[in-house]
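Sharing a structure below in structure tokens format, with a few things to ask.
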Amino acid sequence: MIGFLIRRLLQAVVVLLLVTMITFILLRAIPGNVAVAVLGPASYRNPAVLAAFNREYGFDKPWFDQYLLWLGHLLQGNLGFSWTLDQSVSSLLGSHLPKTVWLVGVSVVLALVIAVPIGVWQAVRRNGPVDYVFTSLSFLFYAAPTFFVGTVLILVFSVKLHIFGPEGPQGGMVNDITDWKDLTLPVVTLALVTIALFSRYTRSSVMDNLAEDYVRTARAKGASGRRVLWRHVLRNSLIPIATLLGLSLPGIMAGALITESVFNYPGMGYLFFQAAQKQDYPTELGFIIVVAIATVLGSLLADIAYAVLDPRVRYTRL
Amino acid sequence: MHSQQWRRLLRPSYKMAAACCAVLALALAACSSSGGSTPSATGSSSASSKVVGGTATWALPPNSAPNYIFPFASSTYFSTVNFAEFQYLMYRPLYWFGNGASPTLNSSLSLADPPVYNGKQVTITLKGWKWSNGETVNADDLEFWIHMMQAVAPGDWGDYVPGLFPSNISNVKVTGPLTLTMTMDKAYNPTWFTDNELSQLTPMPMAWDKTAAGASNCTNVVADCAKVYAYLDGQSKSLSTWASSPIWSVVDGPWKLTSFNADGNSTFVPNPSYSGPVKPTLAKFEELPFTTESAEYNVLQAGAAGAGQKIDVGYIPTTDVPAKPANATVGPNPVNGYTLAPLIEWAINYFPINYQSTTGNAPVNKQLYFRQALQYLMNQKAIINGPLRGYGAYTVGPVGTYPATSYLSAQGKLGDPFPYNVAKAKQLLASNGWNVVPNGITTCAKPGTGPGECGAGIAQGHQLVYNLPYATGTNWIEQEMVQLQSNASLVGIKLNLEPKPFNQVTAIGGPNCVVAKTSCDWDFANWGGGWSFVPDYYPTGETLFLSGSGANSGGYTNAENDSLINQTLTSASPSALSNWQNYLATQVPVIWQPNGAYQMVEVSNSLGGVLPQSTTANINPEDWYFTK
Amino acid sequence: MTSSVATQDVLPAGEPATPGLPAGKTRSMFARGLEVFLENRLAIAGLAILVLIFGFCFIGPHVYHTDQVHVNLANENLAPGTGHPLGTDVNGYDVLGRLMVGGQISLEVGLAAAVLATFLGTVWGAVAGYFGGVVDAVMMRLVDALLSIPTLFLALVVVSMFPPTETEIILVIALTSWLTTSRLIRGEALSLRVRDYVQAMRVMGGSSARAVFRHIAPNAVGTIIVNATFQVADAILLVVALSYLGLGIRPPQTDWGGMLNSGLNSIYDGYWWQIFPAGVAIILVVIAINFIGDALRDSFEVRLQRR
């Protein structure tokens, strides 16, 4: 197991390098003069300013040299300085990341707690009325676009009924955590889609496993239905859920851009959106590093979960 | 039938019923939300008593937050939200422009008396107002700023134009504690020099003349300024220290910053040492950031109904405003308890045409009749009455039409020189050698340079096909582009619309591609914002239309235009400005489009003193007061 | 007699349909699957809905002619009435006609992107999971790398380089969606490759390719099918999200997402006919595809079929 972890960590480093290189190539592929896009309209009058910018950030060099320049700074712990937001990238990440982790994290946990039992229930009572109601609700919430759901929720529950706040929690982290009135609607908007997704996969997976031979064998040997269910079926059924949780880790870090826009809650997604629109490369790269780390971590955790959940899974010579 | 089969037949209904119910619920919810509130009349606050104190909240424009506090800002940070809506509250510029809605010099709010011109010499006499640390706003403070410009303006001053201030002055002298003189390199038009050059000056306190090592002497020695600039720029980049910084707390404006968070939430309190004519009545002023217009509107409505954060001065998205009746200045307002105050900026709106295009269309772009034909296809009236709901001004040439100023010529006051007319557009093309194919593609039938022929460099069969990138994010621009595409197709001009993010469009079409060495592979680029006359308040054309200027996006070059512009810079006679703008309006150097409202501002009825708003986008919360 | 679908209720465990000797020759897998599929009323309903919607979108415009290119400002924002059964939108386009034309693009993009993404992801994931070891490591690390690149970023890069046509949007969506499929299928493959029947097949001399294509992939079919149905939904929704961010189809074309997005701008004006037709269309299509996906999943499930 230790060997497995070490190998995976080394691979993680390779992945991070790969991600950043691909990103650099894509960034350089965007046509148009970055200096002009960043420095704004007033800079056109002054070509010397544009040249200075290009020199400072390595745009007058080939992409690989520029990449090494950036990598060098990164290894010294310097993520760079945002070109348009007038703060260091690390302080930007430091202020936006906790907000997003909190919002998306809460909604994922909520979704998990609600969806898995529903999925199991649906599989057990397959084709019953409960199954149909939840299935149709799942489809409905999955199909409705986030900005639509968010806007309607605000209109109904905030502007009309005054139950919840019309925007996400404002102010510092403390407020974000305690202001449940403002937190509810964004969390619900996010959770609805996640619940739909998780419950569908749980249902499908549980159904698959319930039909397996080992279930029949266990019952033939006299095990009760519930014992069969909880001890054997559930563990195996959670494999797709482990995958989905692993996949949701980058989402927890990267935020949900549309929900953040609709609810005026500037987290990581919104930060990236601003940076991408203004071609603020240092911020974009900082964001992508965070997401890459989260992706790799999520993948690793999911793989460990597979091995734990299904003893038949063995990792040989990875 | 078997009981199982009964159940199977009934099962579909559960699913469908559940689905249908949910859809219906959403439908009812959305329907009931709209058209609920009755439009309120545009009532002004009645003459009730002024309440001293209170906290007023103001909504920042969407997706923008102040991010630079040092008034000497470089291009990246040179934005309305930074200076007009943030820095000016604390650090007053030397001359204030904004007399009610008029963008002219406001002596009473300026730090100095109007400048005195004597041939090539200009003398500025300051009034002796106070900084909050006891210093006087004196001639040394002004010299400090001018020296800094002389040292670092080319690279670090966002409004720098090569050849103009401070390169066009010399001999800057402090001749008394409150007087400063300088010599211009020629006898400029005083209005131009005051409005466009002196408008760039902001006195700085001696407390800022330092570096990390201690006091410095940029005020007297230009060579020291680079280090001082670097120090102050560094201080400005450290956002979390703004509210408590000993540097930024030295203010001469009516307000002082007490708290600031990186999202853009700012809180100001009155500066007791402010020497200006109107002192703040409010106890606190807050600026709130928002991600999108819709997000702000949701909060505005909720607040208006009594739930959650109240926004005293906010805005409503243009798409949610009912159309304005033809003869009214302001139409119905869906938000109860608020007054609708559309804010149209002192600006013109257009999109550039690239005369240096490498797409193959450059010869066509250079033909005046083609540009005029395209301008006839731009239906400014329909756009103002439709997507803009009646809240917009026509752009009739290089001088803005709103607010009414003496700068606009008599011809300009007549309105749109090219009102929508498909027949005229067709006639212009047909009479110049084009085979017009409505709903098809128009091609050149008679190449050549004679009368009735297409023009120099245009080949036989050349097609009128253009790509038109435009900025997404503003609804009325998108609709205007769709309309233009549709109108153009009626005369066989094929416009391929390319929606792109704002910054990509400005990067494509903003710079003069030859001067800035960017790609010339574009014909049109519409970022939707045109040009606002802030802080170059006097609308001469040296930055936009003079040959070789970096901001002359399309590389328009016309000798007569150049000579007329040069006359506006040196002649004090109003006819210079008239002659130039009349000439350029019909030359269609760029495609003129409507100047839509900058913001549809909503002012709470319990807050007075907000109106009339300044068309330079300045805010003056020191004028505001709550009423009982 | 009742099929095993109707009585498949796990507690107590369902008995196989008919014990005893099979009667007559065995039918092909396709025929068996079809039978199971056809017994699911919801799937039939879903299929019917899809057929109707496809007909509406692709045949409709030939029957119901509207001008979707020229703006007609005199007719803007008309409520449903004579001449315009679903009213008009802000440019004067007939909403019903626009729904048909927009639907063509939404459906094409959704299906094409999903098919492409599912195929790519399944093959990649199955190969990685089956072989394990270094192959798995390299393939899945590449997936990790590509997963870290945000879709928005990719879309912005593509939009900046090429004008946004349908093909580009399909490619952008497919190239970001295949990654999650590959992860899921790889997880399944890891589990399946140690199942008895796979091991038995290897012992009997079967090749790896046979293992992957004949045994791993079909038995992960439940997950593949569910994932594919969500992919179609995702693709359609992703185009909607891209429209919201300003990266969608360029005018005067549109898709349901673009219609929904511009309709939502008028939510306070009460022009419900600009919002709900597109929204309902999206939801209906997604629901119909899900019904079908459910039934397909059941019909592939070997244990549910009668031989």
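A, B and C are the chain letters, set down in written order, and residue numbers restart from 1 in every chain.
Here, a residue touches a chain if its C-beta (ideal position, glycine included) is under 8 Å from a C-beta of that chain, and two chains touch if they have at least 3 such contacts.
Treat the numbers as computed from the prediction; the structure is a model and nothing was measured.
Student: B-C versus A-C: which has more C-beta pairs touching?
Tutor: Here the pair linked by more C-beta pairs in contact is A-C.
Student: By mean C-alpha position, what chain is farthest away from subunit C?
Tutor: If we average the C-alpha coordinates per chain, B ends up farthest from subunit C.
Student: Could you work out how far the Cα centre of subunit A sits from that of subunit B, in whole Å?
Tutor: So the centre of subunit A lies 37 Å away from the centre of subunit B.
Student: From the C-alpha centre of subunit A to that of subunit C, how far is it in Å?
Tutor: 22
Student: Between subunit B and subunit C, what distance separates the C-alpha centroids? Give it in angstrom.
Tutor: Chain centres of subunit B and subunit C, defined by C-alpha means, are spaced 45 Å apart.
Student: Show the residues in subunit A shared as contacts by 2 or more other chains, in ascending order.
Tutor: Expected reply: 30-32, 127, 135-136, 139-140, 144, 151, 155, 276-277.
Student: Which parts of subunit B, given as residue numbers and ranges, touch two or more other chains?
Tutor: Touching at least two other chains: 11, 15-16, 19, 23, 26, 30, 33, 501, 504.
Student: List, in ascending order, every residue of subunit C touching at least 2 other chains.
Tutor: As it turns out, subunit C has residues touching two or more other chains at 6, 156, 160, 245, 267, 279, 283, 287.
Student: Considering the complex alone, what residue numbers of subunit C touch subunit A?
Tutor: 6, 8-13, 132-134, 136-137, 140-142, 144-150, 152-154, 156-157, 160-161, 180, 183-184, 187-188, 190-191, 194-195, 222-223, 226, 230, 233, 237, 240-241, 244-245, 257, 260-261, 264, 267, 279, 282-283, 286-287, 290, 294, 297, 301, 303-304
Student: Would you mind writing out the residues of subunit A in touch with subunit C in their complex?
Tutor: Against subunit C, subunit A makes touches at 7, 11, 14-15, 18-19, 22-23, 26-27, 29-32, 123-127, 135-136, 139-140, 142-148, 151, 155, 197, 200-201, 204-205, 207-208, 210-211, 215-216, 219, 225, 229, 236, 239-240, 242-243, 246-247, 250, 254, 257-258, 272-273, 276-277, 284, 287-288, 291-292, 294-296, 299, 302, 306, 310, 312-318.
Student: Residue numbers of subunit C touching subunit B in their complex, please.
Tutor: On the subunit C side, the touching residues are 2, 6-7, 41-42, 45, 69-71, 73, 76, 90-91, 156, 159-160, 163-164, 245-248, 250-252, 262, 265-270, 272, 275-276, 279-280, 283, 287.
Student: If we count contacts the way the header does, which residues on subunit A are in touch with subunit B in the complex?
Tutor: Residues 30-34, 36-50, 52, 81, 83-87, 91-92, 95, 127, 129, 132-133, 135-137, 139-140, 144, 151-152, 154-156, 158-160, 162, 165-167, 170-172, 260-266, 270, 274, 276-279 of subunit A touch subunit B in their complex.
Student: For the complex, give me every residue of subunit B touching subunit A.
Tutor: Listed in rising order, the residues are 11, 14-16, 18-19, 22-23, 26, 29-30, 32-33, 36, 63, 67-68, 74-79, 154-155, 158-162, 236-237, 239-240, 261-263, 265, 288-292, 294-296, 298-299, 301-303, 305-309, 501-504, 506-508, 510-512, 515-519, 543, 549-551, 553.
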